[in-house]
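Worksheet for the structure shown next.
Think of it as A, B and C in the order they're written, each chain with its own count starting at 1.
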Amino acid sequence: MVHTVAHEARTSGQGDMHDVTGMVAAAVADSGLSAGIVTVAVVGSTAGITTIEFEPGAVSDLDAMFERLAPRSGAYRHHERWGDDNGSSHVRAALLGPSLTLPFTDGRVCLGTWQQIVLAELDTRPRNRRVVVQILGE
Amino acid sequence: MVHTVAHEARTSGQGDMHDVTGMVAAAVADSGLSAGIVTVAVVGSTAGITTIEFEPGAVSDLDAMFERLAPRSGAYRHHERWGDDNGSSHVRAALLGPSLTLPFTDGRVCLGTWQQIVLAELDTRPRNRRVVVQILGE
Amino acid sequence: MVHTVAHEARTSGQGDMHDVTGMVAAAVADSGLSAGIVTVAVVGSTAGITTIEFEPGAVSDLDAMFERLAPRSGAYRHHERWGDDNGSSHVRAALLGPSLTLPFTDGRVCLGTWQQIVLAELDTRPRNRRVVVQILGE
């Protein structure tokens, strides 16, 4: 009833996005379950999971929106605490959220043709990311 | 243990929001399940699901916030790719997210009195939307 | 297969955030389930649930980002309807979302060391909040 898959990714830093749709779809297919939900979550407080049309323009536009909302070079109180430079990463990640849950039916995740599940790196430096895919269904 | 309901809606374009609370509540009641979670997801990369107090003022305020954050007439690299005009739609939708998961107990979705589940159309043109409701529980 | 825990919290108003990680982790441990998902949801349309590194700087930075995005003293059509002053709360909450779903494996929620689950009060006045934790798994 519950199937777990973990996926590791190496990111290049803020604005890097990885299409994980194929990995998630394969995990759902491998589970042998027909209907249920799949939760995709990234571990850590400076990355997020969402969906977008995965083409360079839209990916760049999302990064530009984050830069307007929480500029990388802005002043953050988080920087005062640890000497970090990733205050922008923390607020972007808290807003975007670390996880996404989608239904699947007939063994297929409910997504549009031009809609991909993405891991969004929001930290200011390259990171090794762990994505956990949890599938519940019957 | 798993119950699926699909709902179709015709939207009028960016800023149009549909209250789907009644449909979701009915799906949970019809499932015969007492406790569990319900995932509500819209298929496509230019719409989203969230909750809001569904009255015209708050709905308009949310649209105005999106317009400040990602102006419809702004410059988007996505436009260069396909000749589309909906770059604002893609970044708004990626931020809002395509799905929402809520608990239900005693057959009732855990919502406040002034809190409704909404389908938010973010695309620049009218669309036919498919909303999938997936209910897991016992 | 389904375990429900409800948690009550008294908040001090807009910008107040409560770390509920320990409560959620205890609920998962008490469920006796090994693998599954946990959904954390706040009832009401002027609060939200997310994750953040729970230290005063990052919490303050998130509040400051919301203030740029939807200023508390801004003009909101929601105010015209009820004489309320919490239009900023409604749009912030709709964007952040009222719930969060995370996987757990080996009885532990998939979170980073510096990543906490938080209840974010977005309303302009103190509120009594009900947080529902729904755990599904095996």
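We take it that a contact is a pair of C-beta atoms (placed from the backbone, for glycine too) under 8 Å apart; a residue touches a chain by one contact, two chains touch by 3 or more.
Keep in mind that what you see is a predicted model, and the values were worked out from it rather than measured.
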Turning angle required so that chain A lies on chain B, C-alpha fit (0 to 180°, nearest 5): 120
Chain copies touching (chain A, chain C) - same or different residues, decided at half shared: different
Chain A-chain C separation of Cα centroids, rounded to whole Å: 19
Multi-chain contact sites of chain B, meaning residues that touch two or more partners: 1, 37, 69, 95, 97, 101, 136
List of chain B residues in touch with chain A within their complex: 1-2, 4, 37, 39, 41, 43-45, 69-70, 76-81, 87, 90-91, 93-95, 97-99, 101, 132-134, 136
Footprint of chain A on chain C - complex, ascending: 1, 35-37, 50-53, 55-58, 60-62, 64-65, 68-69, 95-97, 100-103, 105, 110-112, 114-116, 136-138
